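Chain nomenclature is as follows: A, B, C, D, E and F, assigned in order of appearance, with residue numbering initiated at 1 for each chain independently.
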Amino acid sequence: MHHLGSLFGPDITFLGVDRLDMRDPRADPDVVILGAPLDGGTTHRPGTRFGPAAIRQACYLPHNGVRRSLALGVDPLTELRVHDAGDVPCYSGDLASAVRRIETAVRLVAGLGAIPVVLGGDHTIALPDMRGVARHHGFGRIAMIHFDAHADTGDVEAGPLYGHGKPMRQLIECGAVRGDRFFQIGLRGYYPEPETLRWMADQGMRSYDMSEITARGLDACLTEVFTTAMRDCDGVYLSVDVDVVDPGHAPGTGTPEPGGLTSRQLLDAVRRVAYELPVVGAEVVEVSPPYDHAEITAYLGSRIVLETLSGIARRRRDATDGPWDPHTPLLERPVHLAPTR
Amino acid sequence: MHHLGSLFGPDITFLGVDRLDMRDPRADPDVVILGAPLDGGTTHRPGTRFGPAAIRQACYLPHNGVRRSLALGVDPLTELRVHDAGDVPCYSGDLASAVRRIETAVRLVAGLGAIPVVLGGDHTIALPDMRGVARHHGFGRIAMIHFDAHADTGDVEAGPLYGHGKPMRQLIECGAVRGDRFFQIGLRGYYPEPETLRWMADQGMRSYDMSEITARGLDACLTEVFTTAMRDCDGVYLSVDVDVVDPGHAPGTGTPEPGGLTSRQLLDAVRRVAYELPVVGAEVVEVSPPYDHAEITAYLGSRIVLETLSGIARRRRDATDGPWDPHTPLLERPVHLAPTR
Amino acid sequence: MHHLGSLFGPDITFLGVDRLDMRDPRADPDVVILGAPLDGGTTHRPGTRFGPAAIRQACYLPHNGVRRSLALGVDPLTELRVHDAGDVPCYSGDLASAVRRIETAVRLVAGLGAIPVVLGGDHTIALPDMRGVARHHGFGRIAMIHFDAHADTGDVEAGPLYGHGKPMRQLIECGAVRGDRFFQIGLRGYYPEPETLRWMADQGMRSYDMSEITARGLDACLTEVFTTAMRDCDGVYLSVDVDVVDPGHAPGTGTPEPGGLTSRQLLDAVRRVAYELPVVGAEVVEVSPPYDHAEITAYLGSRIVLETLSGIARRRRDATDGPWDPHTPLLERPVHLAPTR
Amino acid sequence: MHHLGSLFGPDITFLGVDRLDMRDPRADPDVVILGAPLDGGTTHRPGTRFGPAAIRQACYLPHNGVRRSLALGVDPLTELRVHDAGDVPCYSGDLASAVRRIETAVRLVAGLGAIPVVLGGDHTIALPDMRGVARHHGFGRIAMIHFDAHADTGDVEAGPLYGHGKPMRQLIECGAVRGDRFFQIGLRGYYPEPETLRWMADQGMRSYDMSEITARGLDACLTEVFTTAMRDCDGVYLSVDVDVVDPGHAPGTGTPEPGGLTSRQLLDAVRRVAYELPVVGAEVVEVSPPYDHAEITAYLGSRIVLETLSGIARRRRDATDGPWDPHTPLLERPVHLAPTR
Amino acid sequence: MHHLGSLFGPDITFLGVDRLDMRDPRADPDVVILGAPLDGGTTHRPGTRFGPAAIRQACYLPHNGVRRSLALGVDPLTELRVHDAGDVPCYSGDLASAVRRIETAVRLVAGLGAIPVVLGGDHTIALPDMRGVARHHGFGRIAMIHFDAHADTGDVEAGPLYGHGKPMRQLIECGAVRGDRFFQIGLRGYYPEPETLRWMADQGMRSYDMSEITARGLDACLTEVFTTAMRDCDGVYLSVDVDVVDPGHAPGTGTPEPGGLTSRQLLDAVRRVAYELPVVGAEVVEVSPPYDHAEITAYLGSRIVLETLSGIARRRRDATDGPWDPHTPLLERPVHLAPTR
Amino acid sequence: MHHLGSLFGPDITFLGVDRLDMRDPRADPDVVILGAPLDGGTTHRPGTRFGPAAIRQACYLPHNGVRRSLALGVDPLTELRVHDAGDVPCYSGDLASAVRRIETAVRLVAGLGAIPVVLGGDHTIALPDMRGVARHHGFGRIAMIHFDAHADTGDVEAGPLYGHGKPMRQLIECGAVRGDRFFQIGLRGYYPEPETLRWMADQGMRSYDMSEITARGLDACLTEVFTTAMRDCDGVYLSVDVDVVDPGHAPGTGTPEPGGLTSRQLLDAVRRVAYELPVVGAEVVEVSPPYDHAEITAYLGSRIVLETLSGIARRRRDATDGPWDPHTPLLERPVHLAPTR
């Protein structure tokens, strides 16, 4: 797998990190960015095919492959070897082949010992993304933490074979993820129907809807997730559908559901996941630029990626720097005195 | 009153519920949706005439008259007989006749024993909406719970006879609602002038502005309202001006006032009202599509209606299902095991 | 300095307050609004040159120079003598001369005994704004409270002489503000680099990033600031970059950084500053109309100004009205019974 | 009638011309601008209430009351005494009173010997605008040249009394304009119904639809109009509905009909009318800012006004400068050598 | 085939015409509208899945199934029996099955003796649309008149099997249309490559690019087409890609190419085709609402349909009314005196 | 001068052409693209700093450095050696240094024997662009053909030293271009003042305003220009301000003036210039993405560049292919049979 290039527009990398060229024997990435520019699986508003390009370039800082987290004091793009392999060739009109190609690419990345971070595209890609990771790490060995307004556990028998309404069921049914290690955060609205909820309960899934999150607090819910996520699992896959955030903060998406998390809540939650658990794969999906305004959803997608990577990088620093505590004043955090690059 | 049809664009119903045909002797609705496509009463940005059409169709799910609340486990559109009677013929250039027609239509609906849910339109319609309800239930017998950034209690003597700045004063002055059963939530900004505030105090109104809500918490304020709302009253009318929400979450409105509730807060509050109190009428007003982006305000309007209806439907389930508690994990809530339809 | 007129579009004043004509010997303003329609200092999206015009007219109420704060019960535009001096002639293509002119104008206003309130424009203007104030009140005598997503303490040696990424360093380096009386609130993201953070720490700056604010609460952080801000200082300068607010609430800005304060949080915080501390100057910057939607960012800019002025006006009322307490129900707050104008 | 002020937003004048103060005995205007900020008469998309404010300020040049036509070499704002009387108090919710007030204001202006130029507002205002002019100049003495995609001759008996679909019939029925001196240019689409067309034919109206204009050429049609317009008439009233232009050039309007004139065609046609015929009144209507993009429709509205005034001013120069001929190279046109102001 | 319903949003018909219910033995349509809400075949910007819904409702007149052409004096929706069969179930993620279903539906309609008018959807649908027609009328018996900026004759071997860049080649290769009866109008830009152009030349295609159209005039080109189109053919299929029009007039499309026809030119051309030739099928494709502004492209799509139907209806009137001539003044055209309905 | 990189966003090249690396001794470009991302010289709406990035990537075809003109049958990006040198480091807040750097870069490119094509940026850059060319080819030896709505000949003494309103005067005053070899096309509106017009006449400039262009036809005017442009000159510089086009076709610009050319007219005119005259330099300026919609102005900018380059490439083919004639049917043009690359 050499560099995949770009499907839409110029061939750029996430914030200017290096391209991944698999033919280079020196390539030894920690993290590999992959684009999955797909919207054939959307049931309503399309446009997520332009998500990867938008997330890669939504920034007011130079595209120089350098980003130091102010809060955490680490630069994930340089402390980790983060490379961008380009876009998996996806054709929205032929989901079946797109799913195959994405799964192959993700599995290859995982096989390199790297963490794949897939930029969607619609949530159809969760199936090949996570299954690709599971093919390397073992079916049932990776827990899923899934931020979303929607359960995405639609009946596989009904309707087309692939789509953004059913990957989570497909992942459990094929055994890639255990139902009782599948955690959903942010559900709300008027979906899915009772049969599906009963199927979810039968699998032992744990789904935190916004009414529970509001009543108990997001941090309490996350802490509860974290205490069980790693039992009999070796790692965590993080799937973030940007529509978990309220449409006010993320209008550029296909199936907006009012009443979601704030951007702040999501970024903090993503950081906690990446800092407190061993993430082995991640995806940011459902950013739809045609419905965005002033690029705010694309920026949010960019920051979800960066916050994830920053958490991972800071986790690796714990041995030398000790635990990170946001109660410490920013300018007194010891990590800020550590050398960079 | 047969089906009223559509004033703007194709003749559709709220998310596909059945049309109400008054000539059908079998018609026995629990809830009747009415459109009031009016913006002649706006003092600034118009566009609310397109509010009913936008709220009726803002959804990414099929327009099939089925919506099951994930949190509450009820489907308000099927557990309640929800019908849509179409748009009251309103002409923005002649408010006086529009007000007459709306009041007649609302009173007819209330007379059927149904709960009218009116889709505005600008807030001028609160006068005929609530007065129409009061004509059936009795003047002074229905409490008002009013979410809004603005008090809408402008002096009736000043300026034109009708408009979106004065219906609340008109309702109290005509006796439809008692001043001391009039609860306002979310006020802020630089309005109204002191004379009006003194008038409001004289009526015994209880107005929670955002500074009090922030200091005490919205839930505490609502609980306080609920303890007194039903004293000597037989029901509650719920008036939701979408501008109670921050402009970031609801840009599509005419008189945006920064610093409002989040969408999440409003949806939770509306649900509490509908679940904890006997709602006999409701309205969602001031959704202005020309100023919306990516339909997010229209979606919010849709969800305010659905959350209201879901609360009503869940309230009716209490006898069989027991009280609803968001602390129960979603997939363990007993109501999810109950049969639907 | 007579009235300066308008650089872009018709010559209007902030919400209709009187123009300031310096040649009028009766002029004795408490507050002077100045426009600094500049975007030559932006490093990314421009458009802030239209900020002053947008902030001046973003309101659905009449432009009559009257605005009574609902929460505080004061009308800052009439209780204070608030005048608008127009736009300082700024040319975005020649920042050096713009900076000179702004500093001159601000110093003149301060010399009149008035509080300058500058409408930006990009944050480059913090240098002439605050330094102009300091030239009157004394270098090192005024504390800085700075709301922003970004530290704006970029190295003065690097790149162009002026710009919106470095005014805070310039202010400290020139001695206008003491580093240990410089308080920053709302920082986040991936900026600045470690060398700059070390420089900031060396100056004794106190920077509250969003991770600390989330962990401790904004009110606790502000209270901490307030206990030290006035030590050895005679007043406070308030600098509000609208991008401290989340892009969902303030899309119309040049360098949006997801995960910010809500509009409600900022307005409450600004009110606290102006009510609890002696503000001697203020600025609202980085409102960029071309990237705004439905004017929501312009409205927010308008309300930041009004909330600041309302806090100042209410502070002056304490002697007669006693302290303001948001726990008091709105319609029982004594100030609402006081005469206006 | 003193200066009327502004209904929406700050009180500004058309491109900075002087306000008209009727109490000033020295006032002797040639042209008076009036705003009619009304949209209560729109049958579909509203927003024209913001038309006057948008047209008044849509310009990238200083608002200094000076505009010299490049093509014609005259400055209509200074060669004519052009004053702006502000907005007629119009309330969209009460068209009947708005129509009365507009007619009174226009008649007053005409009574001063000035040419009223009314900025709409929806086309409802053609009734009071033109009738106000006719009340001064005599019923049936002024020909009408009407640019529009729609005939606006709807049956007066049907529907509400006033609205933007019927003023042209009302004008003929009341006798203000003779049917055989009523010229329509630019009609197209699927309106009105045959009964109305027969009524129009019966009145002797001459309506040029786009199929005739395309087949014969706009200039030929105009020339034909000009040869008969002044027979037994003393002047011409010019009514320009911006939707006569194709929606690509004028998206900001309420009832867009594809296939219209280009902006260039309309501006040339308006100039010909004003240069070749004695215009005694004019209106520019149906500019709807909420549906505009990048202000292009507002700019077009502004230029329609300026082109009209420039034509009038150049017509007055014919005696001294001779006829204007666009075949003469721009820099050789003698008028460019004439003194200005 | 009963009524197909709606894929996105409420189930509406084109401007309110009757639904087609195939089970009704009285159904005898002249024209059947079909939606093909598909964008899986787009190579760049998607969104055409919302084209059918947008075209069906883009109108400011009532959705009453009545539209009388002003220019032609016929009402195509009532003089012809125009019915709407709803949306063919298309899933963008599985083009192969969508293509099959569309072809089946179109063939069924043609088999009824009706003219299918398909609302796209992306241009992929030309293959099943035209082939479905040809299956009824005979392969090679129907000429194609194709308005487009792009030739859409991409190599079938390259890339995916279906897509909007190749249907025209597929139609010729399968024999549905003869290459020498394939007329293209409006080509421009930088596509396709020379091999494809040579293939096109080899087929005997006649492609009028914008340079030829500008040099010779559109009417002359059309007349030339008309003289040969019907040789050895029995009818004409009309395919209109809205991007043949300049992006200024039709921004809501996926592959905009500057320098196109004006809306006026296209509407006149479409009318000529439908009036002068025997149209047996038609499609309007590539209207993409997410990229539209103020609905202007949707309106254009609506008018392309109406102009086509009006031409067909007027052609049927020739026997009684004589030929239509736009040089006749509108109000003197005899057809306006003919009875309607 | 090695590759200059990107000032805003990722470092990309015009449609994927190769970067220019000056250190490569094999570099021998025919055409060099330069970005001048500047808006400090705009007098009204900014945003042109994002023009170069937008023009470089506005295309729905692959960014592969290949574009074959359909009309002309040449691929300018491969038949000419077109390279992209990146963005000249411009800081909008310091125009003086930006002007110096641009002039140096352009002169260097001209010194390589290549044609510089500069992507603006505001029109301020015409001064360093054209003067840089003149420094190589000789002052007074290159004619200027200038498409614009505005003369841009503002008095150099007034206001700031640099800006987009005065470069054309500066070019003549410094002698870079002879006044009588300066041709302006498309002027209109209300600018400039008579003194400036007299200065222009004194220089012998030939300015075609829209009234002359409409009266005589654009092609006749161009032909007239072409007959004199090369007298005593060695080449032509082509300056295209996108606002020469009507705002309907090019909304994304800073100073829109209704009544301009159509996109089609401009593209044809640009092609004529490049095909019929020896172009030695070109610029496309005033594309302002923040004010654009659906990228249509950026696309137009892209096509202006391509049409220019295509004309140049086709001119070089004349010797072998003979003259190009648009009257020849597209598929019969001989050039389509010629080999590419």
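Going forward, contacts are C-beta pairs under 8 Å (C-beta built on N, C-alpha and C of every residue); 3 or more make two chains touch, one makes a residue touch a chain.
Please read these numbers as outputs of a predicted model, since none were measured by experiment.
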item	value
For chain A and chain D, chains touching each	B, C, E, F
Chain whose mean Cα position lies farthest from chain C	E
Pair in D-F, A-F or B-D that repeats B-C, with over half of contact pairs matching by residue number	D-F
Which of B-D and A-C has more C-beta pairs touching across its chains	A-C
Whole-Å separation of chain centres (CA-atom averages), chain C against chain F	42
Intercentroid distance (Cα basis), chain E paired with chain C, Å	57
For chain C, residues that touch 2 or more chains besides their own	44-45, 246, 248-249, 262, 291, 293
Overall pattern in which the protein chains touch one another (line/ring/star/complete/other)	other
Chain-to-chain touches, reported pairwise for every pair that qualifies	A-B, A-C, A-E, A-F, B-C, B-D, B-E, C-D, C-F, D-E, D-F, E-F
Contact footprint of chain A on chain F as seen in their complex	6, 9-13, 16, 56-57, 63
Residues on chain E engaged by chain F in the complex (per definition of touch)	43-45, 187-194, 197-198, 200-201, 205-212, 214-216, 246-249, 251-252, 254-260, 262, 291-293
In the complex with chain A, residue positions of chain E that touch it	8, 39-42, 44-47, 49-50, 91-96, 124, 159-163, 290-291
In the complex with chain F, residue positions of chain D that touch it	60-61, 67-71, 73, 246, 248-250, 262-264, 267-268, 293-296, 299-300, 303, 306, 326-332, 336-337, 340
